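Structures follow.
The same chain A turns up in both complexes below, where it pairs with chain B and then with chain C.
Up next, the complex of A and B:
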C-alpha cells in the first residue's frame, strides 16, 4: 500500500496563445501509492484534466509540458520517446474519460475496440484476444458478453458504454487507472454502479486510481486521499477523513459548504463568490485572494507556499503558514 | 438491406417517368425541324407531309408519348435520324467506353485524392500540407478541355509516350481518364483532408491514443473509416460531375463513348439519340446515387441496422 508508483514533481503545463505562453498547470506535485485512490477535486477549468492528460503525455499542441517530472517506475515519463510512451499507455497506465457516448469509435464493434488494446500490449492471438475481451466484459458486469462483443457503441446505453471503457482501461491490468470524471455524464443510480465496479476491480488487481471529480460525495465514497486544486495549483492535500472533518484552506471549506447535504435541508446552498480567474491572469499573491472571505493584506502581495499543517496534511494559505 | 434496395428501386419509377416526359417534351418543344434535318431542306411539301405522317408527328403529344414509352420499355430507342442505325445498338457499342472512362477516372481521383488528403491531414500545417492546399486549389480551377490538351501536347505530341486520341487499348484510356479524374481528385483530396481533421478532434481518437495505439494506425483505421462516411457521399456526387466532364473529355480525345455521341446528336438534332442519351444519363445518375447510399451503409453500422 505504501510503495509510491507515481510521483509528479513540480509539473508545469502551458498553452501557447498568440506567442504568449499561458500556464494552466503551475508546479503541481503529488504521489500516488500502489492500490490507493487519490481524488483530485476543484472547479471547472482548474487544470484537472490537463494534469491527468500530462501523465499520459496526451497534451496536444499548442499545449506542452514546460517543466517538472512525472516519475513512474523510476523513469521520468516526460523524457520518454513517443515509442516508449506507447508501451506505457494502456498497458501500465490507462485512462477513462468523462464522455462514454463519444469515447468509443462509432464504426467499430465493442469487441474490436477491446481486442485492440490486448493485441497491442500482449502476444495474444486474435482468438485469445477475443476470449480475454469477453472475459473482461463479464468482469465489468455485462451479462450477454458474447452478444455485446459483437455490438456497436450506438446500441449500448451510457452506463454500458462506461463499463466497456472500464473494460478497455483494465484489460491489460494497469498499475494505475486515471478516471477523469467517469460518472459525470451518467444518472445517479448508474453512477453508483460504476463506482462500485471500479472499487471491486481495484481490490482484485491492486490498481491505483486517480479519480478526478467535482463531486465531493464521490470523493468521500471512493478516495483514500484528496488533492484540492485551484487555478492550476494544489491548494490542499489530505487524507479523506481529515479533509472532511478538518479542512484548512478557505477554498476547501467553501467547497465543502457548497456540497448539498441530504441530512439538513438548508434553504439555499452556499456558493463561493466570484469565478475561477482565467489562466495566466494572476501573477502576484494568492490566486484565491479575491474570492476569499478571510483575505489579509499579505495575500495580495506574496503567494503562500504549500506547507505541512498536520499529519500528511498540506495547505497553501497564509492563515496556516 | 434487400428490402431497402427494392424500396429504393421502386422509388425510382416515378422519377424515371418524369424524366422520360421531360426528355420527350424537351425534344418536341425545341425549335428545329427534325424532318428537314433528316431529309434536307429541299424536299417538296407532299413528301414532307408523308414522312411526318409515317413518323406519327400528326398525333397529339400524349399519343406520341405513349408510343415512345412503349418503345423504350422494350428497349427500342428508335432509329437515328442521322446514321439511320438503331440508337440502342449505338448506345450498346459506346456505353462500355464511357463506363470504362468514368470508372478509370474515379479510380485515379480516389487514389490521388485519398492519399493526398489523408497525408496532408496527418502532416497538417507542414510544408507538404500547404503545398497540397495550393495545388488542389489550382487544379480545381483548371478546365478539363485545357488540361486535356496540355497533357496531349506534352505526353502524346512531344514525348510520344501515348497516342493523341482513339481507343482500343489500355494506353488509350490513360490520358483521357487522368484528365477527367484530375479535377475530382483535387476535390476529394480537400474534402478528405477536412473530414480527417474533423474526425481527429473526436474523443474516440484520444481513447485510441490512450490505449497506446500508433498515430499512423489511428489515422488509417479509426479516423479514416469515420471520415470515409462523408467522403463516399461526396464522391458519389462527383460521379455526376464526371459524367458531364466525360462529354468534354471524350470530345477532346475522340473517345467513342456516350459523351461524344451526345455532342454529335445534339449538333445533328438527332432526336431519338438525344432522348435516349438524356434518359440514360439520368438513369446512370440514379444508379450511382443508389450505389453510394448502399456503400454508405457498409461503412456506417448505424445505418446498416435501421
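Up next, the complex of A and C:
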C-alpha cells in the first residue's frame, strides 16, 4: 500500500492561444500508491482531465507540458520518447474514458479491439490473444463472452460498452488505471455494477486507480484519498473520511453543501456564487477569492501556499495558513 | 388540492423495426397504461433508468407526441379532443425546459429573439410591451438585461439553462415540464438552478413535472415521486414515504444504488444483474420480473396492477396484493 508508484511534481500544462501561453494546470503535485484509489474532484474546467491526459502524455498541440515531472517506476514520463511512451501506455498505465460509445472504434469488433492491445504489448499469438480477450470479457462480468467478442460496439448497451472499455484497460494488468468519469454517462444501477467491478479487479491485481469525477457520492464510495482541484490547482488533499467530515477549504465545503442529499431533505441548497473563471484570467491572489464567502483582504493580493492542516491533510487557503 | 393534469390509461407506442418476412408489426411500448394526476402547485418527480419512458411521458403530456390511446386532461379539458388550433391556443399554459442547454437554444438567435419567439407565436403585445416582458423575465431568472443582444454560445451552461427557463416562463404557463434540467450541470451550478426553480414556483404558482434520473435532486425538489420501469409506473408516493419506505423491489434497488456522499455510510448494496430489457420485447407479466430479486411464479405470468397501499402511496407489485 505504501509504495508510491506515481509521483507528479509541479506539473504545469499550457495551451497556446494566438501568441499567449495559457496555463491550465498550474504546478500540481501528488503521489499515487500501489493498490489505492485516488479521487480527483472539481467542477468542469478545473483541469482534472488535462491532468490525467498529461500522465498518459496525450496532450496534443497547441497544449504541452511546460514544466514538472511525472515519475513512474523511477522514470520521468515527460522525458520519454514517443516510442518508449507507447510501451507504457495501455501496458503499465491505462485509461478508461467517459463516453464508452465514442471511445470504441465503431468499425471493428469488440474482440479485435481487445486483441489489439494484447498483441501490441505481449508476445501472444492471435489464437492466444483471442483466448485472453474472451477470458477478460468473462472477468468483467459479460456472460456471453464468445458472442460479444464477435459483436460491434453499437450492438451493446452503455453499461456493456463500459465493461468492454474496462476489459481493454485491464487486459495487460496495468499497475495504474486512470478512469476519467467512468460512470457519468450511466444509470445509477449500472454505475453501481461498474464501480463494484472496478473494486473487485483492483483487489485482485493490486492496481492503483486515479478516479476523476465530479460526483462526490462516487468519491465517498470508491476512494481512499481525494484531491480537490480548482482552476488548475490543487486546493485540498485529504483522506476520504477527513474530506467529508472535516473539510477545510471553502471550495470543498461549498461543493459538499451544494449537493442535494439522498439521506436528508434540506429546504434550500447552498450555492457557490459565480462560476469557474476561464483559464489564465486570474493572475493575482487566491483563484477562489471572487466566489468565496470567507474572503479576506489578503486573498486578493497574495496566493496562499499549500500547508499541512492535519494528518495527511493539506489545504491552500489563508484561513488555515 | 385540485388536479391540474389528469393522465388516464396513457399509451404511447412507437413502431419498431420489422423483421424480414415477419407479418406482425413489432411495437415499442414506450408508455403503457399509465395513470396519475399532477396537483395544482406541486412538483411531481418522474424517475427511472434511461429508456423507461419518462421523457416520452413528459412529451406526451404536452402533446408534443400524440398518445396512441388514453386521455390527458389539462385543467379540466381533454387535450386529445381539441382541434389543432385549439391545442395551439392551449400550449401557452404548458411549457417545457429541456435537458441540454447547449442544443436546445438556436445558435443563430440572440437571447432577445429566443425569448421573443413564444410571444410572437401567441401574438402577445406590441414590440414595446414584448421587450418589457423579455427584460422582466430575464431579471427574474437571474440574467442581466444587458445580455439580451448576446448569442447563446456566449453563455455558460448554467446561464443557458436560465435562458431555457426564461423561455418557458415568458408565457406565464401553469405547468412546466422539466426534462432533466440539471443533469448537464456541475453540482455548484445545479444548486443555483434548483433554487431558482423553487423561487419561481413560489412566485408564479407553477406546477412542475420534474423528470430526472438523479434521486438526490428529485428528493430535494419534489413533493411526490413516480418511479417508472419499462414504460409502466412501478410506484407512486409522496417523497417522504417513497424514500423512507419504498415498497417496490425496483424502487428499493434504485435507492440502494445511489452513492451516498459520506464514506462512513458505505453499505452493502443491492446490485441488479444485467441491463434494462429492450422495451420492444419486455418480459411477460411484470416488466421487472426478469431482474427482480423477489420474483415469484405469478410475476412471470400476470402483470400486477397499480394499487393503493395508503392514501398517498400506490405500487404495482404482487408482493403487496
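By definition in this document, the second predicted complex is superposed on the first by the 321 of 321 C-alpha atoms of A that agree within 3 Å, B and C clash if a C-alpha of one lies under 4 Å from a C-alpha of the other, contacts with A are read in each partner's own complex, and residues count from 1 in each chain.
Just so we're on the same page, contacts are C-beta pairs under 8 Å (C-beta built on N, C-alpha and C of every residue); 3 or more make two chains touch, one makes a residue touch a chain.
Predicted, not measured: the structure shown is a model, and the values here were computed from it.
Because the two structures share chain A, they can be overlaid on it, and in that overlay chain B and chain C fit beside each other without clashing.
Between chain B and chain C, C touches the greater number of residues of chain A. By the touch criterion stated above, A:214 is placed in contact with chain C alone, chain B being left untouched. Judged by the touch definition given at the top, the superposed model places A:56 against chain B, while chain C stays out of reach. Applying the stated contact rule after C-alpha superposition, one finds that A:103 touches chain B and leaves chain C untouched. Residue contacts after overlaying the shared chain place A:270 against chain C, while chain B stays out of touching range. In the overlay built on the shared chain, the residue A:89 is in contact with chain B alone; chain C does not reach it.
Remark: least CA distance from chain B to chain C after fitting both complexes onto chain A is 9 Å.
Chain A has no residue lying at the interface with chain B in one structure and with chain C in the other. Across the complex, chain C meets chain A through its residues 49-50, 156-158, 186-192, 194-195, 198, 213-217, 219-221, 239, 243, 253-255, 257-266, 269, 271-272, 275-276. The touching residues of chain B, counted against chain A in their complex, run 202-204, 206-214, 222, 225-226, 229, 299-302, 305.
The touching residues of chain A, when paired with chain B in their complex, are 56, 58, 86-91, 94-95, 97, 99, 102-109, 116-117, 120-121, 152, 154-155, 165, 168.
Within the complex formed with chain C, the chain A residues making contact are 43-44, 157-160, 187-193, 195-196, 214-221, 240-241, 244-245, 254-256, 258-263, 265-266, 268-272, 275.
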